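Take a look at these structures.
Both complexes below contain chain A, partnered by chain B and then by chain C.
Then we have the complex of A and B:
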């Protein structure tokens, strides 16, 4: 343990929970927008962020009408902050919805497999959305043309004929990562590349190679940028 | 035969991706491709009928080849149809998210074409009936999902917010709106300095223009 680690520990403890939540939310938002796969739903974080947004909205509603210049000014600052928070959450949710729409069947099976873990892939509302959207789509297809097809060709998740109909996100896509802690040696599968990631390093790596250390999907030793 | 129509359909879909609006539904093509698939399927069962389930590909390679071609064509046709419908439904979903009322604007367009009287049919909708149904159901689904995030306003702007208040100019009369600072009457050509969140919807709907 060197001086940097000590300093880092002190720094983390002295920042209030609110700031850390904001940092965490920003990190999740960036990660979700860059990662090719959908990341597990950060339930605790979202719960506390949403609760805080709710509280601030109530505060703003309470204080409006108060014409004292000082509170009025404070309100404007609160509302600006509120708008920014809302933007982060909105953009985050929309990024997830986009991924859900792009690879619905793949994510559905992944979600089912992750239900027993501590952090399921989707929130319950997202799962609801996924299922109803999927049933809408398939009924649309079947009423448009699929219903008149021979029975053996009516499935949407067919894997016969050498090609799987279920589309997957490209896991080998390159991502930019920054190491928050020392990771050690990383080995890129399928190649003979090996390298060491130290704290503060920035690398361009395949997502599949770095996934196990990333924020959200792994130990949280590296963050996506 | 053998995937030609499907090829046209995919080209149509590719073109659709780059277009700002949705071209008319190619119902004729879709129908003929579906027919082709059914014919191919019939062919396959006709070929297989004399073997009564005991067909051995290595014994009759030429028959096996015909079967394979038929099968591949059917699968390809299915893929093309799926791709075409997917592109269109993606576009329709995009309209739903942006808050554009597709069905409404379709009717307006149809009305205009009818008024032009160039022998245009009355319901010149570019959506198939199935698609109209799909749009209706998807909007419901979206509204339900959005309803769970009332504080966030999911369909709001995806541009990071800069200022709380913005200058807007009124392009169309929009009547009176209520804000936290009292009510404003939006009459055409007037200009206001208002809270962004209050007028975001109106900007999206084209009543107001944002001045930078």
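Then we have the complex of A and C:
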């Protein structure tokens, strides 16, 4: 380790929390846009980001009356950045809602199973959306046609006959990942394929083979790109 | 309300990511420090250089409040060397910039677009992850800050073509298992190649799955026939099936 390395290490440590949050939010957004399944809700991060956005909006509202050119330009910068943050958050949430809409019943069971862990799958508002949307849908189905079926055929989550009615996301889909740390040997289940992933590498792999190392779902040694 | 886009980033979204890259500017006007959401912005004092995110650099440039210093890899000399390297090595992309040392504590390592690969003191001999987007955006908004903007543009186009050809020829080695190394690939190239590459891998996997289940079915049927004593006709069946395929 030479002096440059030491200096760079100090630089990493001195990165302000705001900047680190932006980096993490960006990473979460890309991951959610790319991953085949919904990722755990990053509660701490979202709480602090949303609170800061709220404060910044109040600041802008406070100062909009000030027409002095200098302050005005500062305000333009602040607002431009605010819009960029709002875009990130909005696109992140919408990508999640898309997944919730696509696989509601599967996500519901997964969320219930994750409630005891540190990071449950959904936020409380997402869970609320999921349950109320589902109850609206099922009452609509039963009043429009399901109600006329025999009772044994009315279920929406039937698993008889070895085939489950509950749709699941395709976990074997290929994804692009970048290694943030050395991962070691990765083994693709069901094939005889093995390879070593080193820090900085970019790989195309099955999501199911890499999930245990991904940011959000595993050790955080690789990120989705 | 749900996002109507398929998985993967669209080109405008990749450009949005790229706009977070830090870039070096020489301010032409003073500006006090600002508390931004993504961290504090240092005061701008002409003529002292400073590193700011690309989106802000473009905003200042458009209002003629700053000049941009193009990154060291974005000039004719460096790009020519990189292009030569790309042409000599037909199989792989030119290597990405050297990684910064790994943080020793538990903080996650940074990655593009936050790696400082396009500031004035970045490495001159390697294309960073967002090379294409960044080059295009700077040439568009700040061509007067380049020495030879037209030649740089030409070289970028050359690089893009050489590398796209590699991306396409790489399809031959794709198979259903995945596990395909692509070091040095750029952000926009991932965006462009994603649906095709993952589509081929996923398609091959489904194909094999169907073939496997068909094989299993045939095994089951053969066994059944053997048990029922119709083994003599099994061969004819197989021939029929082969014809149909």
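Following the convention adopted for this analysis, the second predicted complex is superposed on the first by the 214 of 225 C-alpha atoms of A that agree within 3 Å, B and C clash if a C-alpha of one lies under 4 Å from a C-alpha of the other, contacts with A are read in each partner's own complex, and residues count from 1 in each chain.
The working rule: contacts are C-beta pairs under 8 Å (C-beta built on N, C-alpha and C of every residue); 3 or more make two chains touch, one makes a residue touch a chain.
Since this is a predicted model, take the numbers as computed values, not measurements.
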item: First, second, both or neither for A:144, with chain B first and chain C second; value: first
item: Chain B versus chain C as contact partner of A:84, first or second or both or neither; value: both
item: Comparison of chain B and chain C by chain A residues contacted; value: C
item: Touched partner set for A:180, first chain B, second chain C, both or neither; value: second
item: Touched partner set for A:119, first chain B, second chain C, both or neither; value: neither
item: Which superposed partner A:94 touches (first chain B, second chain C, both, neither); value: both
item: Partner chain(s) touched by A:53 [first = chain B, second = chain C, both, neither]; value: both
item: Contacts of A:201 with chain B and chain C, given as first, second, both or neither; value: second
item: Footprint overlap on chain A, where chain B in one structure and chain C in the other make contact; value: 53, 76, 80, 84, 87, 91, 94, 101
item: Touch list for chain A against partner chain B, complex; value: 50, 53-54, 57, 64, 76, 79-80, 83-84, 86-87, 89-91, 93-94, 101, 125, 128-129, 132-133, 136-137, 140-141, 143-146, 148-150, 153, 156, 161
item: Interface residues, chain C side, partner chain A - complex; value: 1-5, 7-9, 13, 16-17, 19-20, 31-32, 34, 36-41, 55-56, 59, 96, 99-105, 107-111, 113-114, 176-185, 187, 190, 194, 197-198, 201-202, 205
item: Chain B residues touching chain A - in the complex, by the definition given at the top; value: 30, 33-34, 37-38, 41, 71-72, 74-75, 78, 81-82, 85, 89-90, 93, 128, 130-131, 133-134, 137-138, 141, 144-145, 148-149, 151-154, 156-158, 160-161, 163-164, 180, 195-197
item: Touch list for chain A against partner chain C, complex; value: 1, 5, 8-9, 12-13, 15-16, 18-24, 26-27, 30, 33-36, 49, 52-53, 56, 73-74, 76-78, 80-82, 84-85, 87, 91, 94-95, 97-98, 100-101, 170, 172-176, 178, 180-181, 186, 188, 191, 193, 195, 199-206, 209, 215, 220, 223, 225
